[in-house]
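Some structures to go through are shown next.
Two complexes follow with chain A in common, the first pairing it with chain B and the second with chain C.
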Partner chain A sequence: MLVAHAPVEEVAPDALPAPPRRRWASLARQMPPYLYLTPALVVMGVWVYRPLLLSLTWAFYRWNLLPTRPRVWVGLTNFRQVLTQPQLWQALEVTGLYLLGMAVFLVGVPVAAAGLSEGTTHGRGRRLYRAAIFVPVLVSPVVAGTLWSFLLAPNGGIVDRLLGHLGMGDVNWLVEPGPARAAVVLVAGWKMVGLAVLLVEAGLAGISAEYLEAAAVDGASRWRSFWRVTLPLLSPTVVLLLIVTLLLTPPIIFPLVNSLTQGGPNGATTDIYYYVYVNGFNSADVGNASAAAVLFFLAFIPVVLGGVRLLERLSFLDR
Partner chain B sequence: MTLVIDSRSSEVPGPPLGAPAPAQGRRAQLARGLGTGAGHLVMASLTLFTLGPVTWMYLQSFRPESELLTSPLSFGDLTLTNYAAALAAFPWPVVLANTFVMASVITLAQLFTGLLAAYAFSCWTFAGQRILLIAFVLSWTIPFHVTMLPNYVLLVRLGLVNSIAGVAIPQLSAAFAVILLRQHLMALPQELLDAARVDGRCSWSTLWRVVVPNLTPSIAALAILLFVSSWNEYLWPVVVFHTGPSVLQLAIQGFLNVEATDYGGLLAASGLACLPLLALYALLQRRVVDAFVHSGLR
Partner chain C sequence: MIGISTRRSQTAPPPGDGRPSPIFLDHVTHRFGHIVALDDVSLEVKAGEFMVLLGPSGCGKSTLLRVVAGLIAPTKGRVIVGDRDVTSLPPKDRDLAMVFQSYALYPHLSVLKNIEFALRAQRLPRAEVEARSLAAAEQLGLSGVLNRKPRELSGGQRQRVALARAMVRNPRAFLMDEPLSSLDAQLRAATRIELSELHRALGTTFVYVTHDQLEAMAMATRIAVMNRGRIEQVGTPGEVYDQPATTFVAQFVGSPPMNLMPASIGSRSGKVRLRVGESEATLWDGDLEPRAVVVGVRPERLRRGGERGGLALGVMVRSVENLGSEEVAICEHRGERLLWKGPRPIEVMPGDELVLHASSNDLCLFDPASGRRLMWVPDAAPQERPVAMASGASLTRRG
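Presenting the complex of A and B:
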């Protein structure tokens, strides 16, 4: 498309002040993509970037949200406070643990399940399995939180009883730091694993059976053909799953932390999203929360740039 | 048991079916049998893990309150009192209608704005393209609560508090939909678009007559995800609605907060809240799964 514009300007070198009609025509030719983008851009501008910029300015003030109290300019104090709080580093560590845990459920489990069941379960059975595994995706976070707080209840909750039979009972799931983190990841993984299984299924459907036939002809075992044929061909799906993990983990985990542990015990399940939330609204320290949010946003930029590069390469592979 | 390795290699006479010694054949058969067993074992345990809690919720919701905590695994007398309590908790028809309207409007709008934006990204090369794409991806990562407060202030000024419009308007476009649809559009065969271009240009009619029909499975899969997530949404509606009947997740949470000790009622209400989506899913199950598998979401 760019090529189309260039000659237009070269054709009329003598008409230095370009005839208005032609300039309009060239402008009109460049308009369409922006017009198509307008609705999405307007919504994003008004409801995401406008409030983000407002938050940016709040990060330099001390303010507790009350309209009657004046905002006090404090410069970079909020940023300094945020960066020196031990809770921030713990929240970052917890965020990392959640991402790792969710990668197990959203990448490891579906790929392993695909590897173990590919070619062994099929037709009606496979369809039924897939359909059943997808069900928790439909369950709302509110209901999932309630349901799992029943299941994980100490002294008689069903998980406690089942583990009791294995000699691992008496875990106070939502009260001890380690188990509480595990519980949050377990519930989030339970909710999302079905989506990942379907995405892997979609990836497998795109792999020509000829490759596996060829491997079978060469006498490769299923194990070998999975590692040498299926997995490499599935790599775009694995990349997609990694991106999905990165993008979906925080919004999926947030409401679950809110209903299961409220970030406790002692901040052990507070990830960076929940940290910003608690600081901003429970302690009504808008400046601090905004500063944390800004730092978080800045830290995410390189990750997103990497993600965009991956997205571009993915679509290239698709072609 | 039929085995896929057999069926796949049936056209090609290969070593597995060829003339290996009988002992070897038996061993291969055993290995394949074990493989099938392992496959079913893995899928069955995943199914138990995902479906177990939901099944437990429905079974328990029919049990009398007094037995719920004492014996969470046995199923004795059945009762409907829990459902009576759940149904009396809030005006279900109004709440369900509200939720349905909200989720439908949001889903359709996000598909429409997403398609237009994705079409712009994949059909033209224009100044600022990369920056705008990055802006969309970044907007997805901004935590909800960073934008929540300023957005609420704007909503008050627009007079949209306590309304479905107030929930829907800030969500008429979703970065997730834009990004995903862009991936699908980029994956369309270039020849298809070239052939459909009028005077070598992308046009409004190309979008609706060529692109959309070719993306139907992907659009269906995305529509399901968008509908489910707006149906289940809690965080933004709780900011928008203060009084009166609102949307489903809010009503359920309200019931949970008020009746925190009525475990039977809680389970019944939770079960009822899941029912509409589960029923829809049961109806469309085959198409839902196919939509994903054939969407080329990869």
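Presenting the complex of A and C:
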């Protein structure tokens, strides 16, 4: 008789007593994650979500911030008003200019620096350079703004004097529209470029040296190896930097605008954030400011979502 | 005129002419800080040869390969590929192809683009790039996956893409850094055979780094065994296995490794005799002064049956390992471990006591101090003592 080889079935002994369940012990085990999350959730609730909901409701009222004054329901009037104000459109344009300018500092400059310095500086020199370029990030924005308003002062400011030596003096940096916008972007860029360089360095460190070695053996020049290998592999970092630019530019620029130009001259440096602030707190038109903030918030959501989606799609390149 | 043409060939070789080139390493030393990774290494890799650099991790074999590739500049010494001194040339001008341990396939490029990369870097005509890349892909059975990204491939396919990427260049030599180490055992064995066939088909110089002696034995035309930044022995797989130049080679090559035992050697009535414990073996006719040696014998050379004139070693079996086709008995001889390998079943049990015999022809003698192999010079020259074999010395003298 021919018999097929049968798999052996081995059975664990049954009828062992089940371990006792302890309700409180298991509950206590599940607690720590929530405990860790609580402080952050409380802070976010109080300082992010509550104001968000409040401004969402205030957008439909007319009110001047005084607790003693009544809030008047005006429906969509605030939105209609905001959308017809030329100042809003100018603020949008300025915001766009700021974002473009900052993209140069937060994406262009560090990536170009990475390409130029690839494999050239090591050890102490590199650490020193990293530290030097990162210091402005740590300077408080208000301090930076005040400092630069002295440096950029007409008639005797250091920048004015230095440029004077080059025959380019007599620029009234903070008073003429073009130079004022440029000054805001330059100061913001000076302040943030260190962070971007650090992020790019981290991104480069994540790229295995073997890819570049393979490219070198494959006969690629340094230029080609940067464009065809390093940059594509760095693309997740580049997208991250674009998102960082989008998210960090407004809060960095706000205190600088406030201390350098106060939005002037004639609104030339007022971006959408400063516009909301001026409307809300200087003109005490809470309804108007809230409506603008809500509109901007809604317009921002798809932009950020798109960025995050792009980042997820590129993340496979990391390894 | 001759001067100019030589000069041209030194600076701008015709890329990818595929002439298999010899590679010479001339007194190459490399230090990382205080660590000497390569210690005055000289080696000739003949044109069309499959040279395997074999050694334990940290022995400098990968460093040596990288020096050849130009990824590391040696502290001292020269690297010559064909008739060009390439020591100061960047990797891209050396016309060598390299397969990395991790394959280093560009993750953002498709298989085809990966294969084309080197040819595109050379700015060859579009049609030629495509034709050569498709041919290489075809040869390695990658035609079906040309549009996939590396992450969508199996380990074996990635390995083939890495090979195709090297092959398409038609380089002067292939450099391979443990290319099989991330494959599973079955695939590794299959790929080993394919690599040997590829080498035969291309006829190009291969320099192949591995720590796996089985790989080295299976594929190499010659093996360079490395240890601590030096080359211990260069030879065919047979020479390295049968006549290890040092105790290191004896123990590194072979699985299980060669048995080494302290012994003494002397002569009585015109015969040179070797003594291990109470056992004596007659080696050669002649006279010499008594001295201590280390005697080595391969585990599979030991026999249970007796032979006259050989070494008879009384052992006790400690345990038995079943390797499928063979069994290894881990025995104890005079307090030291002695391995005996034989076709299964070898029919011993732990605790058994038996006598194992080794024929005189299967014994290797080493100098206890230097670890170098001792060889008998049979004529009646004034020097009647065994002389240390100076393996590698002939290489070091070249230059």
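Assume the second predicted complex is superposed on the first by the 264 of 319 C-alpha atoms of A that agree within 3 Å, B and C clash if a C-alpha of one lies under 4 Å from a C-alpha of the other, contacts with A are read in each partner's own complex, and residues count from 1 in each chain.
Basically, a contact is a pair of C-beta atoms (placed from the backbone, for glycine too) under 8 Å apart; a residue touches a chain by one contact, two chains touch by 3 or more.
Treat the numbers as computed from the prediction; the structure is a model and nothing was measured.
**Q** With the two complexes superposed on chain A, say which partner A:A113 touches: chain B (first), chain C (second), both, or neither.
**A** first
**Q** If we overlay the two complexes on their shared chain A, which of chain B and chain C does A:R80 touch? Say first, second, both or neither.
**A** Neither partner.
**Q** Per the contact definition in the header, classify A:A293: touching chain B only (first), chain C only (second), both, or neither.
**A** After superposing on A, A:A293 lies in contact with chain B but is clear of chain C.
**Q** Check whether A:R224 is in contact with chain B, with chain C, with both or with neither, and answer first, second, both or neither.
**A** Touch status of A:R224: second partner only.
**Q** Give one of first, second, both or neither to describe whether A:R23 is in contact with chain B, with chain C, with both, or with none.
**A** Neither chain B nor chain C is touched by A:R23.
**Q** Of the partners chain B and chain C, which touch A:R309 in the superposed model: first, second, both, neither?
**A** A:R309: touches no partner chain.
**Q** For the overlaid complexes, name the partner, chain B or chain C, with more touching residues on chain A.
**A** B
**Q** For A:A202 in the superposed arrangement: first (chain B), second (chain C), both or neither?
**A** After superposition on chain A, A:A202 lies in contact with chain B alone.
**Q** Does the superposition put A:P232 against chain B (first), chain C (second), both, or neither?
**A** In the superposed model, A:P232 contacts chain C only, not chain B.
**Q** Contact-wise, after the overlay, does A:Y211 reach chain B, chain C, both or neither (first, second, both, neither)?
**A** Only chain C is touched by A:Y211; chain B is not.
**Q** Would you mind listing the overlap between the chain B footprint and the chain C footprint on chain A?
**A** Overlap of chain B and chain C footprints on chain A: residues 213, 216-217, 219, 221, 319.
**Q** Using the touch definition from the top, list the residues of chain B that touch chain A in their complex.
**A** 2-5, 8-9, 11-12, 14-16, 31-32, 35-36, 38-40, 42-44, 46-47, 49-51, 53-54, 56-57, 60, 69-70, 72-73, 112-114, 116-117, 119-121, 123-127, 129-130, 132-151, 154, 169-173, 175-176, 178-179, 182-183, 186-187, 189-190, 200-202, 225, 228, 231-232, 234-235, 248-249, 252-253, 256, 263, 266-267, 270, 273-274, 277-278, 281, 285-286, 288-289, 292-298
**Q** Where on chain A is chain C touching in the complex?
**A** So the residues of chain A touching chain C come out as 208, 210-211, 213-221, 224, 228-229, 232-233, 235, 316-317, 319.
**Q** Where on chain A does chain B make contact in their complex?
**A** Of all residues in chain A, those touching chain B are 1-2, 4, 30, 32-34, 36-37, 39-44, 46-52, 54-55, 65, 109, 112-113, 116-122, 125-127, 129-143, 146-148, 150-151, 153, 156-158, 161, 190, 193-195, 197-199, 201-203, 205-206, 209, 212-213, 216-217, 219, 221-222, 236-237, 240, 247, 250-251, 254-255, 273, 276-277, 280-281, 286, 289-290, 293, 296-297, 300-301, 303-305, 307-308, 311, 314-315, 318-319.
**Q** Which residues of chain C touch chain A once you look at their complex with the stated criterion?
**A** Interface residues on chain C, with respect to chain A: 15, 69-71, 90-94, 96-98, 100, 102, 104, 106-109, 117-118, 121-122, 151, 165, 169, 175.
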